[in-house]
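Chain lettering (A, B and C) follows the sequence in which the chains are written, and residue indices restart at 1 in each chain.
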Amino acid sequence: MNTKSKISGLLKDNIENFLFVLPAFAIFCVFYIYPFTNMIYISFQDWIGIGPMHFVGLQNYKELMGDKLWWDSIWHAGYITLFALCFQNPLAFALALACDREIRLKRFYRVVFFIAPVLSEVVVGLIWNWILNPETQNGQHIGLLNHFLYASGFPQLVHDWLGDPKTALTTIAIVNSWKGFGWGFIILLAGLQTIDKQLYEAAKIDGAGAWKTFTNVTIPMMLPVILVVMILTILGCMQVFVLILTLVNEGLVNHTDVPVTRIFSAMQNTNRFGYACAEAVVFGIILVSISFLTKKLSDKAKQA
Amino acid sequence: MKTNRYFLWGMAKSTLIHIFLMTVALTCLFPLFWMIRCAFMTNATVFVDQSLIPHHLNFGNFAIAWTKGNFAVFFLNSVIYTVSVVTGIVFISSLAAYSFSRLKFPGKNIIFYMFVGAMMIPLPGSFVALFVLMTKLHLINTRFGYILCMINVGLSMSILIFKTFFDKMPHELEDAARIDGCGKFGIWWNMAMPFARPAIAVIVIFNSLNVWNEYILSTLLLGDSNLMPLQRGLVVFQGANSTDYPVLMAGLTMAAIPIIMVYLFMQKHIVKGLSSGEVLG
Amino acid sequence: MFKIKLKLCSCLILVFMAGCTQAPKPSNKILLWHWMTDRNDTFLKLAQQYQKETGIQVTVELFAPSDSYSQKIIAAAQASVLPDIYGILDKKTIASDFIQAGFVADLTGDMQANGEAWENSLFDKALADKRFDTNNTYGVKAGIYGVPIDVSNEQMIYNKKLLSKAGIKTPPLTFDEFIKDAQALRRVGVTPFVSGWGELWLLDCFASNYAFNIMGEEKVFDTFRGKVKYTDPDWIKVLNVFVELRDKGVLIDGIVTKGNKYSEQDFALERAAFAFNGSWCVNVYHDMNPDLDYGVIPPPPISTAYPLKIWGSAGSTFVVNAASPNKDKAIAFLKWLTAAQQQAVLARETNNLPSNKEALSTISPILGEFAKGMDQSTHPNMWPLNEDPSVSEVFDRGIQAIIIGEKTPEQVAQEVQIIKDRQMAKGN
């Protein structure tokens, strides 16, 4: 009698607990799992989007492994991501630190720094195209950046920023970082504000200077937040797409290709749905691996 | 004397910090300012007139954007979608996250990692499958179908954020609620949700922004123009070839206002709630 | 707690059922999906007028930009919920697949009724967009499957004021003259040439024009068939056109990342003397700079061996859903839409070339200059076959690489040929 009621009690418990998850899981199955399995199915086919599909097995994947343009695009996205990790996030952190103190205009800054992510892609594209415009008219530089460089005595630095393979990707990375630091700023600021003030006071009593406080109090307490920001940055930057379109249209030869532009090119320009889906699957695997690695590294850092 | 020097050094530091902050702030304000400025010009002058404040202020563009872009309908739709999707996400994802964090059932970890993995695996070629599925379910060209789809878009990240928050919830709070006679649902509603207010604020901001700016899925899944959100209204000014820039900027300005207001309202909660000693992450 | 859950679930189900739509029945309504933002207002107006005249309600829905529209059409085809009238924006191979899947009505009968009345009222080259000849390579039964509602072509445009500033009295008639003009323009500080070559199709168009000029269309088609290699000296000559343009300083800075919208801005704001663009630009220039004084010429030929043919065909074509219960009503509407009177309205309000020959007399002078080029026009949709898109992509990217000085024509030709060989081996 006892074990039976225990088992049925356990069953009822499990069902109850699962019910909490049910709405989310149901929606997830319909809107993600089903298209996901469909995508994997298509990745084994040769299909132009309409009409019959032809099963080709692993051929798409084999071709993908040898596709130099694809792996270059992964590297390009990786470059933009690394740039963001090295510049965008430290900038966000510095801004958050600066705003953490009780300074005037704190609320003003909090609002202003979030404007960039809120701005429509259209506006961002128009502005930056204007700033980076390489043309001249009647001897005047049309682009704001070139105009500024010329006027402030650096004419030798005037350049076609987006049109030169050496500078195009870095320029895109800079614009991407400018657009993205607002998110990191918010999350980091929120994290900073939760560090117990008593810890800071204890450090002061111990005679720690600003740097020591930073390394011994701030950083360790902020590690989980920094990890979240890092992963979100990586996922966001690797999937960059609309920004590329607005800055360099279909791209500077292949120097500004990123994985998502390759996938869309396969779908729209060459009408190869199967290949596009194979690219998406491989891309997904890469992203999962990167996230997994990042988490493992941060776990190690936490233990240290 | 020593205090004077200390005071001066403090002043210099804070001035430098302010210069740093102001410079970055200006780079963010410039596009906003430019967008509003263009909204007051005409197509013929918008790229020619280089002055900071246009010589002739053309107020008509806002009215044109409102009527020509059929803003009233699209605005209302966007509000409906944003409110329903965000409400839906907050409830559905917090329920799920609570279960992942505090309750046990077989397969819990697998399902959780599926959600997290979904954030990382994009589905670019999925629009055909999605469209066919929605048609079969008779959800195509309905508000409900679009709302469900958008809820899914924000689920993974919201669940992750909620779960990390619930993980930090002290067990004493839970025990106290249980003693008071709350079931699992009661604990979630009475204890966990108020505790997670800053997380709710972050999720509201993130998802409001996503839904408000969403365009591709709405074009795909909705047919009648009176179901379309605001971004569709803005498309009207971006002709296949000819773009009416000033009217477009006026439209974009009007579209940006509500979302900035949501942010202004919500960001207070992030900091206030978090100050009670929890860490996001 | 369970009671609350039950209530929630039943609420959800009720809302779910309320959201259901009903299946369409044949009626006096036809549904039209289009992507042309500029013409939405005019379409709505014409639809209202049609309803007054015939009592048939035409619902016009706009889905833009064209990429999103293409995706929606493909998805709708898979789900078998295409509207009564729509457009297929993709290549002709995709259109042929739509036809074979039964989504496109064969309009040959209607076109050729009454002594080919409808067919003769429209430009041949416009009809060619969705016309399939006998023994076509797509495996489609010969006939006309689409109704063109306008015509467009891509030509060179020149700014009269800037040209006279450089002392150029007449626009260039040969490529050599064009180069000399460009150098004269540079000497007075004017950028000679702008085009949206960040969009590969426009670059492909320009290259194709010169390919036809240098080697004749048969040799180009033979290259597509695989009988001629891209490393052939004639193709090197085509690629050398771009070397010449680059070395003589003809091209505007940043041309390979420039979208067409920005190149239109540049020409309208008189930042360049020549542009390569399509006839829709008339509308854009008029909006941005109504005082712009410009003329239209075909790209100046480099060779006298073969004629230089510009690309010109239907700008936009509508097809009728073969599975629609309102097929006949849809066809009647399209017939009305392409009648001279409605065409004149469209031409006047949207500044596009009409597809109806009669309406040609109503267009503005500058559009008339564009229209002149239709005689020497061709279009990939009219060719017996098209190049494999994977090969075209490498070819166009190769031209971009030449323009920025990264590769030589010989290198590009070799790379393209490698891809071509691979695609031919696949049996494509």
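In the analysis below, contacts are C-beta pairs under 8 Å (C-beta built on N, C-alpha and C of every residue); 3 or more make two chains touch, one makes a residue touch a chain.
Treat the numbers as computed from the prediction; the structure is a model and nothing was measured.
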Hey, how would you classify the chain contact layout here, line, ring, star, complete or other? complete
Which two chains meet at the most C-beta pairs? A-B
Between subunit B and subunit C, the Cα-mean centres are separated in Å by 37
Between subunit A and subunit B, what's the gap in Å when you average each chain's C-alpha atoms? 16
Do you know which subunit A residues sit against two or more other chains? 16, 49
Contacts with two or more other chains, residues of subunit C listed in rising order: 1, 74, 78, 269
Mark out which residues of subunit B touch at least two other chains, giving numbers and ranges. 128, 130, 184, 238
Would you tell me which residues of subunit C are touching subunit A in their complex? 1, 5, 67, 70, 74, 77-78, 90-91, 93-94, 97-98, 100-101, 189, 191, 196, 198-200, 252-259, 262, 266, 269-271, 389-390, 393, 397, 400-401, 404, 406
Residue set of subunit B touching subunit C in the complex reads 43-44, 47-48, 127-128, 130-132, 135-136, 138-145, 183-186, 215-216, 219-220, 223-225, 235-236, 238-244
What residues on subunit B touch subunit A, complex-wise? 14, 17-18, 20-21, 24-25, 27-32, 34-35, 92-93, 95-96, 98-100, 103-106, 108, 111, 114-115, 117-126, 128-130, 133, 137, 148-149, 151-152, 155, 159, 164, 184, 188, 198, 202, 205, 209, 213, 234, 238, 245, 248-249, 252, 255-256, 259-260, 263-264, 267, 270-271, 274-275, 277-281
Counting only contacts in the complex, subunit A reaches subunit C at residues 16, 19, 48-51, 129, 133-139, 142, 160, 162-165, 168, 247-254, 256, 265, 268-272
Per the touch rule, the subunit A residues reaching subunit B in their complex are 13-18, 20-21, 23-25, 27-28, 30-36, 38-39, 42, 49, 91, 94-95, 98-99, 101, 103, 105, 108-120, 122-124, 126-127, 178, 182, 186-187, 189-191, 193-196, 221, 224-228, 235, 239, 260, 263-264, 267, 273, 276-277, 280-281, 283-284, 287-288, 291
